[in-house]
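Shared chain: subunit A. Partners: subunit B in the first complex, subunit C in the second.
Right after this comes the complex of A and B.
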């Protein structure tokens, strides 16, 4: 293949001229990648290195910093109950959101996969919360969750289910779950659209063949829809995981992490450590753990789903 | 005696033959001791004359002499950074700035403002990069302290307007090491607001001590009210009542200040005898049914709603909440007063809380010319007629002399001037982690937990934050 057609510089040539050409082409290829590399270096790699540096100091952002080596990390893992509480909250929140959001969006997608007028209208309706701002969603749900005036408790009291009328976001036991429910409500429509796009790619012939073989609806789902939907599920779950780790705005609007940090996740903890407590170095160490946990969870997920996919 | 009535500034009540305030008659009977119409020398105050109450004219005399006119600014433009986006404040500032710019063509003041949370979290860093931000407002406590630590404020100690235009006691919140680096503009009262109509209807009398409050809560609850519209889900406002709980928790203000300073640095923790006493006040109020049902889930908006709709006779937040209440229910205008909340059966150190905040400072990193503009505009803000515009539009009492209050809610709550007030003690916790965790512990107690469980748990959290 000639260089004119864009061949890779790894193909060997015999003469000096082609070698020069390959060198020149390689330069062009590297130059083409340069803008992306620069953007990555400036906006990702640079701050990452800076964050690493901050994690080694004790600094309030005002006075001079003090080098503490790995002190921040050691304190984080050995003498910070709040860190473990937040870690537990974050994993629980992510688990709840990923499971319910994925399940619900898949169910909605299965029912609304056909392009009928009613289905398109319903898809629009379910997608609607996604276009709202997180702050608006948080405030709306705060009103709904209000223990004394909120529609949810008024409903339960009206139908005689007083024991279901909880202090939703004011109690340590229910605050995180209540916010997780809001998060699921907020983003299920978005994931449903992704699923619908995936389900519409499944060849109709497979369902026809399954019907001919006498497969029930459940069997069709189990042996056709689900295996074919796994690639979409990988995308949905990975995206939902990242989204749930970043649910800062919703939590901050609804509870600011309270009561007693019962609804705090890493993003909220880091924010408070930086802006409220002015412990920049410690927050840097927290953020490194945050990334490690996120990577760990995502890798686990991908491994689990990829294994299923390969089967 | 009258000194204590009027912001505890040096003042004297002297009947003099000048024109009276509208609707008031010198020497005529009045009903509430301490009610006053402003801080002008022509204002009236309701005070005891012999055995009866009567309107007397007040003549204020600040330590530094009579109030002075504002300084003249050089031409140029500066930014005024603050955290008051509320409509009333905006109406006032837009008018005040327009008047100032009209008076001094070539001088421009640009407002840069956000909500309080955003301002507290981001403004300092942004101002450090922006010397045009020559006039800065900060709130008392941890935020003001951060700017002081960053050495961002110019010394205003020698300005004549500081000595002569402001209420001396109200300046303390802007002083650091004997220097006046900020001018507290607002004079707030972080005490319960009462619905006077409900109190009259039910024939309640003001509780005089903790036992009285416990008894009143039981009675109000029995009559179907939520005694205190307390927003347990909004930390900052839930914390206001802690001022009243702290106020008489120690033998003196100095002792209280020392306890809070020790808590702030970790010398003592929440399991100390003193703080257990504070927690016990919350337990007594909780057990008497003072707080709303599911109190820890009631946010600020819901609490305002409880009070504005007459479901609750008391909003334990502060005078600054009156604007929101009137917005929710205009019929509440003129029906609100402040009340002392003495939560002790022992020695009374103070009868109420006041707070001087919205502290205005000149950025020492600005150019000399911009500092002059900021200083001149600040001196303009603290002249009586200008501060009067701000006070009556924003419905906030101000820390400025020669102000005539015309807003009915400011006049009605001015009776609180008669009290022996204490500078809000909760802001003495300058470490925000300690402050927040302390408040969270008290909220958890209201939520039903035992102090025996809560106090050691939160003490441990504080210790970990401080180490």
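Right after this comes the complex of A and C.
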């Protein structure tokens, strides 16, 4: 950071009286903030409000819409198995990705925390998938998962573990897990870098003191590293959660939510409700539920980690 | 001892897990289909650019590439311009307005624009913004404003206030302070944000999928998806297309690793 200049009392060189200048400046600040604020208000909050309106109608986008009140919401909650299936998928996907990605990135961060040449090279490699597009990553993994010529099944067959050679993304049982694995592969490096930045802030003296007290490696982790890493964990988990809810691109590329909606999450469901079924009002109601779930999960997670943190 | 083994083993395993698939694609782009299927891991018999030539001749990947370049450059430029102006204003406003503005963008950060796909699709249709690159630029700016404002405001708030105050007393207008002091000082933060925006805009699929139906207006990820549908059984061609879509980002990453890593984690760290 640049050096502080100090607030030396300066004699006003401005032609304007201080008060008038301050008033003029305030106006200019408003004008500077306005374009971004306006665009964001119109194209983010505007659609948000439109969404509420659409959720109250039945509409195919072509013929006249019909007001149905809370009909869409009632149907969604009381009579839609697919909706609950997708809700379950989304929560399972988020849970799997958050747990494994956070764990793996923490472990790798601990392994690679020292700035040696090898470690920096490995960090660069681990981070690499982050810069690829979800579509590219999805395509690469579709090839690896391919039941007939995919590298994964070739490997299992070669080492004599034929029973592990599955139709990874093609069967209902494994599709969502396979995509979750890809997602973890995709972003573990990114979260690892965040962890490394956090771990490097931990004062070295704490480890020295622990060693003097005869603490084992595990105890050092349990009583020094982990408590000091909790603030970073909050950041990593929050980021991963949002990222997993946004996995539309990856899932759309790999399975389009199939087979039989086994790997569908909210964004995919909403997209299909609009474009395959032309049920615009119903999709809007789904979107509003999506927001509620997202807020609920985020709040729950903050609560959980914050109580840990305060303890 | 066992710990050391586990450490080395897991580090090697994850390294291979990234290297092997990447090499399959790099090699695959120089192979025939038969080679890809029979020996995905082997070096290509002959390094060549035949697949690339076929790709550019038989599909409109070239056009999509150009579209992606235009959309990405324009989106990043406008987002940075609007976000830096707004963040500077937010950091300098002493009244509640700054806080309210900041809070609005924070909501956008917590609730992704994906929840708005229904109304955005209808709104953009009504406004005639579908099948236009300008429509994509607009929606990209909207969805990336929150994170950019977040990073840049955090940065501007850390700058020593006295520097701005002295120039203000000397009669400099806010715009002048923004241009001659704030912007030059924030070059690292702007650079990090720019890289973050480059990567997410270049790779974005959802909104192009929503707003573009005209093949001539496709961006690379969208074109990659439809290409995969057409060339379902030809992985050598598909890998070539993946290479074309990835090369710009990979090249930038190789030359600017540090800035990339800083940029792509800034959004999370500042949160």
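Going forward, the second predicted complex is superposed on the first by the 270 of 311 C-alpha atoms of A that agree within 3 Å, B and C clash if a C-alpha of one lies under 4 Å from a C-alpha of the other, contacts with A are read in each partner's own complex, and residues count from 1 in each chain.
The rule is short, and it goes like this: contacts are C-beta pairs under 8 Å (C-beta built on N, C-alpha and C of every residue); 3 or more make two chains touch, one makes a residue touch a chain.
Bear in mind that the values here come from a model prediction, so they are computed numbers and not experimental data.
Student: Of the two partner chains, subunit B (first) and subunit C (second), which one does A:87 touch, if any: first, second, both, or neither?
Tutor: neither
Student: Examine A:280 and indicate which partner it touches, taking first as subunit B and second as subunit C; both and neither are also allowed.
Tutor: A:280: touches subunit C, not subunit B.
Student: Is A:259 contacted by the first partner subunit B, the second partner subunit C, both or neither?
Tutor: first
Student: With both structures placed on chain A, which of the two partners, subunit B or subunit C, ends up touching more residues of subunit A?
Tutor: C
Student: Would you sort A:61 into first (subunit B), second (subunit C), both or neither based on which partner it touches?
Tutor: The answer is both, since A:61 touches subunit B and subunit C.
Student: Contact-wise, after the overlay, does A:128 reach subunit B, subunit C, both or neither (first, second, both, neither)?
Tutor: Second partner only.
Student: Where does A:202 make contact in the superposed view: on subunit B (first), on subunit C (second), on both, or on neither?
Tutor: Neither: A:202 stays clear of subunit B and subunit C.
Student: Tell me the contact category for A:149 with respect to subunit B and subunit C: first, second, both or neither.
Tutor: both
Student: After the superposition on A, what does A:235 contact: first (subunit B), second (subunit C), both or neither?
Tutor: The second partner, subunit C, only.
Student: Which of the two partners, first being subunit B and second being subunit C, lies in contact with A:79: first, second, both, or neither?
Tutor: First partner only, subunit B.
Student: Taking the contacts subunit A makes with subunit B in one complex and with subunit C in the other, which residues are shared?
Tutor: 61, 149
Student: Where on subunit C is subunit A touching in the complex?
Tutor: 3, 7, 10-11, 14-15, 17-22, 24-25, 37, 40-41, 82-83, 85-86, 88-90, 92-93, 95, 97-98, 101, 104-105, 108, 110-123, 138-139, 141-143, 145-146, 149, 158-160, 162-163, 165-166, 168-171, 173-175, 178, 185, 199, 202-206, 209-210, 220-221, 224-225, 228, 235, 238-239, 242, 245-246, 249-250, 253, 257, 260-261, 264-265, 267-269, 271
Student: For subunit A, which residues count as touching subunit C in their complex?
Tutor: Subunit A reaches subunit C through residues 1-2, 4-8, 10, 12-16, 21, 24-26, 28-30, 32-33, 35-37, 39-41, 43-48, 50-51, 54, 61, 104, 107-108, 111-112, 122-136, 139-141, 143-144, 149, 151, 154, 185, 188-191, 193-194, 197, 217, 235-236, 238-239, 242, 245-246, 248-249, 252-253, 267, 270-271, 274, 280, 283-284, 287-288, 290-291, 294-295, 298.
Student: Show me the residue ranges of subunit A that touch subunit B in the complex, using the header's touch definition.
Tutor: 60-63, 75, 79-82, 142, 145-149, 167-171, 255-256, 258-260, 275-278
Student: Which of the residues in subunit B end up touching subunit A in this complex?
Tutor: Within the complex, subunit B contacts subunit A at residues 120-122, 125, 146, 149-150, 232-233, 235, 292-299, 302, 305-306, 432-433, 436, 440, 443-444, 447, 460-461, 464-465, 467.
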